[in-house]
């Protein structure tokens, strides 16, 4: 098992766990976090891919960096919206999840 | 100007406009926005003409070229989508100029939000720029980035309304993000297999192995979530139903189409070599389910705007019925025509709902007696766009459906035709149910006034939707010019 | 190609009129009336020009491509002009009537606008040169008549409108499917005398039979074939001119006309006969004839009685088509015109009664003949025509249908005709009896004005249509009569097929 | 061109003249009276115009009008009767406030009647026949009394039945001959299976007008219900239109023995039944109407003979026309007499009574009367055709006729109808016109060498039935058979049918027959109407349900249709 494979596998594992978390969590903050972890898993896979050829492929690196930037932006916006929702409605859950306590 | 110049203009104009609008602040944002919108719209149309004249073009921005540089690519398909966006976008901008004018008369934008209303313009121009970029992108990763751009600005736009729109925006955000991640995983797998992100190179290198399938499936799933295909539509009605009117219009009419466009691009242009008949059938079935589910839900809505939003769910379904019959040449023009007329008609409908909301202070379908007398322009716009959505002649919706139905028969699959026909009936039921109240006497006196431009714009859009009946020919010619 | 603008102008004239009228304020009565009348007049002139040309073998066809391989085609064969002439003539009459009828009513611009658009659709149907064009205008007709049906804006009217739309849109959906199917089977094809589907042969019997059924089901909604007729009596809540022109003439006739096209120019009578689809169609229409008459018998509301009578009468046309043979074809075609003239007379008379005296029900009609002799005279001509009493228009139809059936050896049709005439007599003669021979028993429900009969704008169109209804029977064999025209069509159709 | 105009004027003009004359009714002053003379052009044409035809292809489905020898005979008596009745009626109704209405219908019916005579093609025959029949409804219900309306309803029902049957007949004849002209009908194939149906339809359609058994039920109700002048033309002229129709439509000259025998049987039934039931009437006009049924029975027998023996057809046609001629004048005179006798002054009564005895004798076939000529012609044809067996009953029938005539005269002696008044000059003028017609002109047309009954044998032959009738009447009087108790209401069969419908038994129907029965009691109608409204409720319920599910229903129906015809 080569190192890239290990990284890639770890990335897949993170992705799966986080995806599960995203689907089951009700608290929006948890879901945002879960999505961030999904993103991390994806990026790990990408980096692992880049390591495969002998001179490492530069393109995935560029992609990962772009991806991280995008991820940060989205997370920031999500958090801002969450704060607004909590301020307005007093709950950090989406309306359809609230009745389950 | 050349095709390339128009492409640059299409990217630069809205993005630059967004920045200028942001800088110029509350007072001049609207002016900047409208001017930019018209410039962009003009460029979109010019691009369509350029493509029909000189065909497909690939253009490396700044001369960098792939793999690291940004390449732009335009063919008939992209040109059509850009043109749709341009025309409908311009109309939406005019409408927004009235809607977000300093003295708002509308009920769905609380007064304490007025001071943030001008932010619409930078966000909207950004969204537009993102859509143009998406259509003109030549590689998968740029498409990812443009999707995020669209998503972020769209979410911001929804949130402008405040109140319950915030949670809708959040829900949309979560879903869009998840969809993007699925998409990027797929991109990753493709890159792992073929070491390129470029659409054309991928097309040449692609072979049918399981990992390609998996990649394609992941990407498709992500895109389906964004285009709100049943059963991933649940986020759409609240988001579109609660956003400010021009935003609802833009999202429902235009943004939804980006997902559809990408699925078309992916399966018909990049991966045509895969044996994907089952997947195509699945997409068709989901589309059919969407048609019925959306129709039934729309029928049960009490509020006009929510009804219109659910109608989008149904209409998206039609688009996806393209895939089972895509082998027939007239299917794609049909679906695109349907998309175009849906864009125009749906934007018009949202504006109609907005006008009703502004005049009556509510949009409960049962209590809008006599809008035909009180607001004749809106009633006409509603009727005409309704005709197009139902698919009655003469309208773009009819021409599109006709082509799809013909394609279904040509493909020997009459059941798709039957579903399309039945779906049209269903939309007739809910649209005409609402429309009938327009004629009910005596008219209820409304107390407000519709924002300037909104009624007129809705009428223009409705006429466009109807006039698209005659666009089938130029459209397929444009598509062929792109292919050749 | 030199005359190609004429059919386009025939469609465009009412379209332009309609659009301009929409933009007029309600109080611009004089301007609107002038527009309406000049539109009607221009159309009549255009039709006259085409009639002359077509009689001399000139062809005015126009073709506009919509999608590659799919054209909007307008043709001017004899059959098209038969229907076109009817609609143009009755448009003029009904417009005059409507101007008087709707004096001081609200939403007149809307009304006349849609009224004109309705003529656009009817013209398009008449001139349609292929199934696709026919379908397009057929659907447009649905759309533009809906606002007329619900014109009064009451809940009752809206309910009727819903019923109307349910039937017509569902019919339209079936039709859309069927038309696309026909294209899949034979490609887009212009109407051809003798039919073009026969080239497919009877190998595809099942498909073609199903296609025929679907087309008839789709067009049968407007033709009010049983059991698709339910919208027609419901739609009678509309104002009288609408009922008259649209529901007795334009809409139901559009359905019947389309069925004629399907049988003659899509399938071809011979081929349809070979497929074995004409027999069931004949039975269905015969049943509709009797059913409509039976239902009419029990209606006390005058317009409803007339509506069920329409259900019955329009099926004569279908019956004539379904009974194979030149003579019955003539009967069917001439009934297209005759029934229109007679029924419009009846409806306009009923409108006069309602407008002048507030009489809406048969039981209120005692002695009305003395109060409104001219209106009731017109009504009498229409009613006797429906029964088929010579020399009115209805008689000519019945003679041709009867001899046509005899020629085809379908004796049962004669029995149906006789039975239907009997039923017609049963529901029309009591009306005439109470109107003419009974003294007035109760004050008129809602009397407007005390003048002689109805006002002139209401009376003149009625008298004109009554005169026509009588004239086309009395002078049936005149060279310019509908009968001669129908003979010409029949000759062309069967001259080709045989 | 000139021929065309002249021909139209001669052979279509008489039919249009009464309609044109209607315009006079719009005039307020004395020229209105000219309406009463609307039949004059027809009479002139009948007397002086040449025979021939003219084609008007643009009119109806190609009209052919013209005059032939049969037509001339018919037109002479038809026009005379209408003229006399018109003049009589104008005066008779001079105090009636509906006189204008009456003449509107009267002249329209007149136009129809003349048209029927002049029409040489089936379609225009049908047109004029309908015009006549429907317009006569206005004459029947002229008094607007409940009785009149009852009679009118029965009348119109049978008119419509007749119209329908005539329609079927025309369709079938057109199909058989490929033409609408009477001249082509004869040539149509005798082998065609539809010929029997065509004959049947013809017999029914025109038999209703003729009052042939069993289609006569309307006649004794409708003829008496009308004002007397109208009764005169109904019973005298219009009844003959049906006969003319038979002559025109039926393939006389080709064999149809089955139908011939049927007609002979029905004719004989009518001859005796009509007369005997007529003798039991309580109203003089009803008795006269029954007498008409009886007399038309003679002609039915005659045509039956002609159908069974083709070679006798030409002579039979003429004999039928002559018999019609004779009966028309006689019956019209009797009807007018009835309305004058009861109210005339003492002196005038003598004249009227004398004038009524003349036609009564004629009908009975007394020597030297028009009846003698007509009957002689008739019997000559019957015997020549080999139907000797029928000749005796026909002679015997004269006894029955005598009975009904005596009964009529007896009842008329102080009969009075509503609105009757002492005869004025116009009434007398019409009356005298008929007296002349009854006495004279038939001699001109007699073709067969008629033995004028001078010889003793002939005289005896003619007289014994009358004697028998007289004897029977006297015997009845002596035995005090109360006619009042025995009397049958007009409308015999119809009444029985209605009673049977109601569930009452046959015998009680006869026993309880009322002098003024409530014909067409509302009950059968009510039951029908209730059933109808119940069905209506169910159906409209179904339709509402259907409408609610219209979309579904349309698709379902489409599917069902597809399944059904596939």
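Lettered A, B, C and D in written order, each chain numbered from 1.
The rule we apply is simple: contacts are C-beta pairs under 8 Å (C-beta built on N, C-alpha and C of every residue); 3 or more make two chains touch, one makes a residue touch a chain.
Here the structure is a predicted model, which is why all the values come from computation and not from measurement.
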Joint neighbours (subunit A and subunit B) are none
Across all chain pairs, which one has the most C-beta contacts?
-> C-D
For subunit B paired with subunit D, centre-to-centre distance based on mean C-alpha positions, whole Å = 82
Distance between the CA centroids of subunit C and subunit D (whole Å) is 40
Inter-chain centre distance, subunit B versus subunit C - centres from mean C-alpha coordinates, in Å = 43
Cα centroid separation between subunit A and subunit D, in whole Å?
-> 105
Which residue numbers or ranges of subunit C touch two or more of the other chains?
-> 169-170, 173-174
Subunit A residues touching 2+ other chains are none
Which positions in subunit D touch two or more other chains at once?
-> 551
In the complex, the residues of subunit A that touch subunit B are 15, 19, 22, 28, 31-32, 35, 38-39, 42, 45-46, 49, 57-60, 62-63, 66-67, 70, 73-74, 77-78, 81-82, 84-85, 88-89, 94-95
In the complex formed with subunit C, which residues of subunit D make contact?
-> 57-62, 123, 126-127, 130-131, 134, 138, 141, 144, 149, 152, 156, 160-161, 163-165, 167-168, 170-172, 174-175, 194, 532-533, 535-536, 539, 543, 546-547, 550-551, 553-555, 557-558, 561-562, 564-566
Considering the complex alone, what residue numbers of subunit B touch subunit C?
-> 330, 333, 370, 372-373, 387, 390-394, 398-399, 401-403, 405-406, 408-410, 414, 417-418, 421-422, 424-425, 428, 432-433, 436-437, 439-442, 469-470, 472-473, 476
So in the complex, which bits of subunit C are touching subunit D?
-> 163, 166-167, 169-171, 173-174, 206, 209-210, 212-214, 216-218, 221, 227-228, 230-231, 234, 276-277, 280, 294-295, 297-298, 384, 387-391, 395-396, 398-399, 402-403, 405-407, 411, 414, 417-418, 421-422, 425, 429, 437, 439, 473-479, 483
Would you pull the subunit C residues touching subunit B in the complex into a rising list?
-> 65-68, 70, 107, 110, 135-137, 139-140, 142-143, 146-147, 150-155, 157-158, 161-162, 165, 169-170, 172-174, 176-177, 180-181, 183-184
